[in-house]
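In what comes next, chain A is part of two complexes: it sits with chain B in the first one and with chain C in the second one.
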Partner chain A sequence: MKGLIEIDGLTKRYGRTIALGNISMEVGEGEIVGILGPNGSGKSTLLKVIAGLVRPSSGRVTVFGMKPGHGVRKLLAYMSENDYLYRWMTVKELVEWTSKFHDNWSMDKTQALLEFFDIDWGLKVANLSRGMRGRLKVALAFSREVPLYLLDEPLSGIDAASRSKILDILIREYRPENSTILLSTHLVMEAESLFDRAIFLKNGEKIIDEAAENLRDRYGASINNIFIQIYG
Partner chain B sequence: MTLILHDRFDENRPIYLQIMEMIKKAIVRGELKPGDRLPSVRELAVMLRVNPNTVQRAYQELEREGVTFTRRGQGKFVTEDVEAIDALKKAFRRELVEHFLKEASETGMSIDDVIKILEELKDEGIN
Partner chain C sequence: MKLKNIANLFQKDLKASRGWLIFVSIGIVLINLYIWLKLSSLEIPEMRDPLMLLSASVIFPIIILMFVRGISVLKSERDNRTLEYLKALPVSGFEIITSKTLVLAIEALVYVFFFIVGFAINLNMDSNISMRPNVWSFIYLTAFVWLFATMGLMLQAIGMSARRYGKIIGFLSFIAISWITNKLFEVLQPLIDKLPSVSVLFLSSETLGDNEQPISLGILILFVVVSVIYAVAAGAIIENKMEV
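For the complex of A and B:
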């Protein structure tokens, strides 16, 4: 596997707070990597650094061999954990608006994803439930045909049916030969069967970075149970 | 193809091992017959909602054990080797009984206690 993302000694400080402390890691082509940890452990900051939205305080980060930024952004789809969708738009308006700002957009995929998610194009975003808005965010991310998807907390704060549909889409959209997915979550139990590898963050530091099946084998425990042990 | 899918995995154990067991069990129960085609890696990954790489690993191990084989361009198939399937059945049955005996011995039963009960059950006409 080629090192798609290479991170060496990454530190990010906000004033005197250390959001990420001396992180080194590598992500190969075609992996699904779970970035795990409780709130405030640095998951979002890590994804934002890779997406080129947050600048490292120190350390070296390359994505597709480049420094994160404009060139890299064309090659990745980043889904923020925030509820950022414009509420006054209809789904159709939102899709048209969002697609204008992004490369490699496939309307055919948008169509298929919205259908799978049971989202009507004519609905106003303001009238969608949280779960439906969560589905819509994922649909927008996977409407882009890019080799790297960064999904920040796609399962948080939404209903069980929506979580289940989102996990189904992750498996359906993933292509081991040409897509890599980084997925942050604190809902480990539901997502863990998807991971090739799990990276645990604690107070901004990386404490575990290992193949998911190796972890289960070595600890005789699910990744969820390891999570509970570490953060409990 | 009828492959009975079980609720969830026991995620405290490697998932690829459980996929292997699931397929072997389907063969032993006759739900998968010699020469039957297995679902593609993608199909099974979507069905079970697991990483396709995990399914791939299970398929590789099954092939290495001679339980399945690949036809180029057509996919994976259950072995047509009757002896191999017999061996699978034997191993499966043995494992089942060993597992049962282990549980029995944990409740303080000897193998003779077990045999005694089995004979009683047989006399009562339970098969």
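For the complex of A and C:
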């Protein structure tokens, strides 16, 4: 397995608070990795470090053999958990404007995804419901054909219908060949069937990093039940 | 830096600034229109002076506004969380800042245009004084106003890159940078004096006669160079220090 992401001894501190403590891991091609943990466990920080939006305090991080930065961001699609879209733009303006920055953008895919998500191109982003904005963020991420997708809490804070659409159809139907997906969530039950591998974080430290099947066999329980046992 | 990226960012930033451009331009026009109407109705010539002073002093709120705009173009991106969207694009901090400084330059030019034209019209109503601004008037004053905008931009970048005490650090930086800029102007004064001058406007009055108003090109170069230094510093901070 080729190492797409290589992390060695990664620590991220915010003042005295340790957001990530001595994390080492490797992610290869074609994996769907669940980054699991409760709020404040360091999931978002880890994805931001990989995307080059946050700098490590110490340790080494390489993505596609490069230091994270705007060069790496050409090859990955990052979706934030935050409501970070330009609200004054229409969906069409946002899509067209964003696509100009990416050589690997597929407008056919955007059209198919927006149609599937029932998102009107002419609506202003501000006029979309939170669930719709969640769907739009996923559509924007998957409109690109890249080897790595970083999805930060794509399921949190949105309605069940949107979660179902995002999970059951999008990732299964639209998952590009051989692409790697890192998906952080604390809603494990809904997403666990997707994971090839699960990484559990607690207070910024990695406590479990194992193939999902092995975990289920070892604990004799679902990933969701393991999650409840650990954090419950 | 990629020109294509800057052009795309510029397109978005200019569109986001439309409201400000229209609102402030209308404001400047309305103030000048008010002064013009007052001047037209005056019967005692001595009462013109306070109104002309008011017309000239419109430049001060423009300077303050551009400083605040420099701060707000970055602050609004952070407050609306769109800075994360921007930083997740494959663009560098320098490209983000170049686009924003270009939009601020356009804003400065538009406001300065309405200010100078309004002031010249009001001043020329007096038969004793006439003022003819030329292209250099617009260029000099735009560069001067732009300097404050880029200073605001850089101070905001400094404040935002600090995780704690951002406002205090920004304020202390403001004092330090104002002092450094002032010193820089003092040190470079002999060099500025050696450079050729251009006439920025033509003034004619009964008491002073006809006058060209020359200003050294060095001052213009200094305004632009310092603004570019501020912008580059802001770009470097966004690229290397700022986290979202």
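Just so it is clear, the second predicted complex is superposed on the first by the 222 of 232 C-alpha atoms of A that agree within 3 Å, B and C clash if a C-alpha of one lies under 4 Å from a C-alpha of the other, contacts with A are read in each partner's own complex, and residues count from 1 in each chain.
Methods note: a residue touches a chain if its C-beta (ideal position, glycine included) is under 8 Å from a C-beta of that chain, and two chains touch if they have at least 3 such contacts.
All values reported here derive from a predicted model rather than from experimental measurement.
In the superposition on chain A, A:60 makes contact with neither chain B nor chain C. In the superposition on chain A, A:32 makes contact with chain B only, while chain C stays out of contact range.
In the overlay built on the shared chain, the residue A:101 is in contact with chain C alone; chain B does not reach it.
In the superposition on chain A, A:130 contacts neither chain B nor chain C. Across the superposed pair, chain B and chain C touch chain A at no common residue. Interface residues of chain B facing chain A in the complex, by the touch rule stated above, are 9, 11-16, 45-46, 48-54, 56-57. Chain contact summary for the complex, chain A toward chain B: residues 30, 32, 167-168, 171-172, 174, 176, 189, 192-196, 212-213, 216-217, 220-225.
Listing the residues of chain C that touch chain A in their complex gives 4-5, 8, 11-12, 16, 80-82, 84-85, 87-92, 163-164, 243-244.
Those residues of chain A that touch chain C in the complex are listed here as 14-15, 48, 51, 53-55, 70-71, 73-74, 78, 80, 82-88, 97-98, 100-102.
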